[in-house]
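Each structure below appears as structure tokens.
Two complexes are shown next, each including chain A; its partner changes from chain B in the first to chain C in the second.
Entry: the complex of A and B
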């Protein structure tokens, strides 16, 4: 111990984290166990016996995570050990709740097809995307080269449903879909990731300018007037989304992510206030001018007054959460199918009804773990682009969850956003697997010990040190 | 009656399982947060015995103290640390005042030297502009553009 430190890395175990792949494997096993337990409980409670294809499901679900784990072990050995287990539990819980709602639908004779196997297929597609991203993207900094292309792709994806005719793009009043040949895609989910990459690269370039303050007003350093350009541009886009796609969710998501990334990049709290002010002003204007926004806000302010019309969903969701109480009705013991579209938009209230407050809070804490690991990655990664990208992605998950849960519990007006990983919906699940893949890639770079730079010009580079020794 | 009991066991058992998972996850978070500190506490007594007189011996980390990358730590080994805007630098700066290959820290016999790699705007050790390689003492600020960093044990 007292001798000279020949290898500083071995002497300071805290600064160079171990790979922790076995921790990840153990937690993934735990996650699969939780999922299988939940599936068994649902089957036994609802039908009284285990279903025949439970083994197929169990084998498939286990295989997915084995593949993910092996790929991470091979291609991103220093990745954060908690990201994937948290995702695994959330995906498994989502699959279980969808299966549970399938059973309820079959019993009532309302549904003819099961959605859980479809969701499992989407999860497989998601895992395929995850593997592709982790294998192809060897360094997250490569993404910054395609930042402007990705920004354009994100904008097009975001704008596409607004331009398409309502018969293709409109579901329950929100024009955020593309429905082609039986498939429905929510392009906003993919747009989110593209735009975060673009914002990160753009803000790394421009943050010195944007951080310039012109004057202090009441302890706040306000930016110069001409630096308001970018934030105004994103504000206009998000208001257009609100008006033409009739979706507060996508609009809030886009604008919130940009304002927070701007704040992270410039460290100026004034951007947050400017953002909140701009959005409040825009939303108020939209409320005054557009009838459909008014309807949404009115049902939000007093859902019980509209319980036979637009407020029915929210009222049923609130009743469900109330029935669940502290400990819930038990998996399979409640009636979450009483809420319309419980599988996608209202899966959180289904969880709240069957697992109670304790279960719902557990799910929120799982998201918290995911977000915390993302933000931690952002803190320890060494390059500015990676910092902003990881921070933006982690914040996007947190913000989306906030908007969705706010909608389900009546805190915010209802939105068309989905609960990441849990809700039924292919595009959401696949896009979020892609998001986690990027986070895994950044966290691998962040936790990897500093490698010596490749010395192609070693002889030339060593010359100055020669002078010292003389 | 037994069926009722089984359902109650399922109901609370599953919640317990879910929270056990969260407990396990938080243990990993805790190990990450405090695991490093116990390692560092163990290394304090030897440093107290030889208080900083050994000129750079036992220097383990390069810590960024000012600028956009504040708080970033790099563990020092035997290898040189390249600082600059180039992507393959050990510390990648995004600063208009930094050159792509700006400066280098080299370890020679347990002591660290900073040298400027012909940068446009210069590297400063304390107030002094770095011309040839200079010995860096722990806690001495190295400045490049908006970024300042120092060696710590």
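Entry: the complex of A and C
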């Protein structure tokens, strides 16, 4: 990925590395074009004509990315040029699939409200958050100062639905919502980012201690017992989420991200093994104790045996994917509306059905581009906090996609996670825009040429030996 | 921290590869299985949303799709439902489809390769995709006369054009209304299907093709063909025709119909034996010819045991296992394990009528694109040549004699020479016999070959089935002449 010319580390001292903003602009334009073309295809295929407000949509959607691009050009000129175009295509594709499912719902008379305009509104809120983060947060290291506050906020957000009455927080058996005045918010999506920031700051702080090994067992250096505290704490939180919110997805997501960040911070593979061990124990316990986990696992192992019960969703999803085959039914040509909650949890199977294997793999590869650019940012950024934060955020996207797509395709048990940027849901979209904003901020710092010779630090209390112009 | 980060990057690559491999497995390897799963209504609902092609008989649509207001955009209708039910079958939301609706589904649904360029054009012109029409070889007069003849009985009629193999008529009773299985009301469909399923004999079975029955004396045509083809016999050859035949190596005796006597001299010509359908004479003849000759001749006439597609699925017909000479004697008069479909019976008559050449039966004359342009036309194909023209000529004379002087008199048509053979097959003790008639007309230049099968008709092939055959052939010849 990336030739030496894009690698700032390879840039000779004194030369200014390319900012690649025009590359980003061209790719964004391409992303908008793809989205608009897809919208036209959906309209023509399903209704036979273009809808009246297509221009409004097109203008709005284009404006969003123009704003994003201008803000990045001004405030984060060295940001990675591939992050945003990938996000733009995914968001556009999501809006298109949601619109496509709206049309199906309207035709069947099952839906009265269109969700796509709402999602566009959420995308706008997401862009606003993005702009706010990029403009206000001039240096990602500032975040570490609020790490403990963010950690607390994250925990509260995570716990909120559990303590609220079910009438406000429960949808389809999972207590992960806050529904107020017609809006539904999934605070877990925001908690995820807050906690990643906290983990990054905490682990950078404590990594020397955590990396200490005391015993070698079977070739592995195991940490001291008392250093197990943090990982056990997160494990317990994850279990609590599972118990009180019946949310397998968030639980798995949170624990996976933490273990991987712990591993990156300490460079000790033993943490991974401990994590896997704790996960296996937790999973086994959960399977034994909770009926809903058992049902999930049973339907995962043989969905067709429960095709009219718990396995219905998954079986319908597999039918959609199988019917789509290599090339798909074409946008608007399939029946993705036959899969329950196709707009949110199962949007990937809608894409697989209508765009086929090629389309779905293309989407997976887009995520791969997004994630690997994030990890690359993490590799080249200079400070430890930025490294861990970028790595954690990028891995969070990858891990979430793996868990949700694995669920939809029967590779893993189904969880209630959303497909980042694509699935219907305001919280997820807005939170992920925030996530990308932080990544953009870090990548700007990573690729920015080293600041012009800084005044030598007044080391050891000595006075400057020369005057440097500011 | 870069070393573990690189490992994380590689792990992500591995995770995503897993996803991609799994998606490949689902969308490529398991694609067909998932697409065709009975719980997957996608293909069906896509088919319903497209204008399905019509099934056409002589310019009239016997199955067509009409637009509706409900979510299933098109309703399948069968204006002459019961008359053509055996051929069209049904197209049901709940019970899939049957007969031609199933066999010709690719064309009707528009997914057939022959419609590919048209579909491509639809894509660009924005024209709603539609299925192609299937134009059948059936003749309305033949079909209606056949259905009228079968009224009140269980049975089947198959009529063929001997020179091409085109199916002119295919009727099966009891019949049903395919429209009621193809409605958009699941409860009504289910109720009707239960009603049909509760009947002793399921009307949804096409008895002309989907089941086979003991043919009785119809099989004597094949034994005669084997005898004549051996070169050792002519129609005038005198063969033994005892009142009672003790089967070889057994104490079982075989007698003639109703215990009657074929000939006071206990022997008669092959011609006479066929004319009066003498059981003892043919049982002995079969034993004398040997199993191989009888079996080979039956296979040459199409009784290979294998099914065929016309494109309806046709059950196999065969002589079955013959363990002994005694079994061979019984098989030679079409009993024991000999089984044939009514279509197979018609093929025997058609082959004799067509100078010994059997043409492959076919039901679809043309496949038409939605704009009525013909995109495929069936060409007659030779199936086999079971007998030489000379032997066919001799068989035709013998079969003419059956109708002129023998058991098939009821199939006579005024002014037209008819050739035929009756069959009365025993089924079981206390169960009425099956009644058969196969024949063709005019005898010297056959235009139509027909087989009539009446299950448990209780009479003989001569009195129950022959009159129906006569009416069907007459209806066709009058239609052709006028």
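Note that the second predicted complex is superposed on the first by the 436 of 470 C-alpha atoms of A that agree within 3 Å, B and C clash if a C-alpha of one lies under 4 Å from a C-alpha of the other, contacts with A are read in each partner's own complex, and residues count from 1 in each chain.
Throughout what follows, contacts are C-beta pairs under 8 Å (C-beta built on N, C-alpha and C of every residue); 3 or more make two chains touch, one makes a residue touch a chain.
Treat the numbers as computed from the prediction; the structure is a model and nothing was measured.
Undergrad: After the superposition on A, what does A:382 contact: first (chain B), second (chain C), both or neither?
TA: After superposition on chain A, A:382 lies in contact with chain B alone.
Undergrad: Mind working out whether A:406 is in touch with chain B, chain C, both or neither, as first, second, both or neither?
TA: Touch status of A:406: second partner only.
Undergrad: Thinking of the overlay built on chain A, is A:372 touched by chain B (first), by chain C (second), by both, or by neither?
TA: both
Undergrad: Just checking: does A:124 make contact with chain B only, chain C only, both, or neither of them? Give me first, second, both or neither.
TA: It touches nothing on chain B or chain C.
Undergrad: Mind working out whether A:31 is in touch with chain B, chain C, both or neither, as first, second, both or neither?
TA: After superposing on A, A:31 lies in contact with chain B but is clear of chain C.
Undergrad: Of the partners chain B and chain C, which touch A:356 in the superposed model: first, second, both, neither?
TA: After superposing on A, A:356 lies in contact with both chain B and chain C.
Undergrad: Check whether A:86 is in contact with chain B, with chain C, with both or with neither, and answer first, second, both or neither.
TA: It touches chain B, and chain C stays clear.
Undergrad: Which one hits more chain A residues, chain B or chain C?
TA: B
Undergrad: Considering only the touch criterion stated at the top, classify A:270 as touching first (chain B), second (chain C), both, or neither.
TA: neither
Undergrad: Thinking of the overlay built on chain A, is A:324 touched by chain B (first), by chain C (second), by both, or by neither?
TA: A:324 sits against chain C, while chain B stays out of touch.
Undergrad: Both chain B and chain C contact which residues of chain A?
TA: Residues 44, 329, 356, 365, 372, 376, 379, 384, which sit in both footprints.
Undergrad: Can you check the complex and tell me which residues of chain A touch chain C?
TA: Residue positions touching the partner: 44, 48, 107-108, 260, 263-265, 267, 307, 315, 318-326, 329, 334-335, 338, 352, 356-357, 360-361, 364-365, 367-368, 371-372, 375-376, 378-379, 384, 387-388, 391, 395, 398-399, 401-402, 405-406, 409-411.
Undergrad: Help me check something: in the complex, which residues belonging to chain A touch chain B?
TA: 1-2, 4-5, 7-9, 11-17, 20, 23, 26-27, 30-31, 33-34, 37-38, 41, 44-45, 81-82, 85-86, 89, 141, 204, 207-208, 327-331, 333, 355-356, 358-359, 362, 365-366, 369, 372, 376, 379-380, 382-385, 449-454, 461, 464-465, 467-469
Undergrad: Touching residues of chain B toward chain A in the complex: what are they?
TA: Going through chain B, the ones touching chain A are 6-8, 10-12, 14-15, 17-22, 24-26, 28-29, 32, 35-40, 43, 46, 57-58, 60-61, 68-69, 71-77, 79-82, 87-92, 94, 96, 104, 106, 108, 110, 113, 115, 132-133.
Undergrad: Which residues of chain C touch chain A in the complex?
TA: That would be residues 1-6, 8-9, 12-13, 15-16, 18-20, 22-24, 26-28, 30-35, 37, 39-43, 45-46, 71, 126 of chain C.
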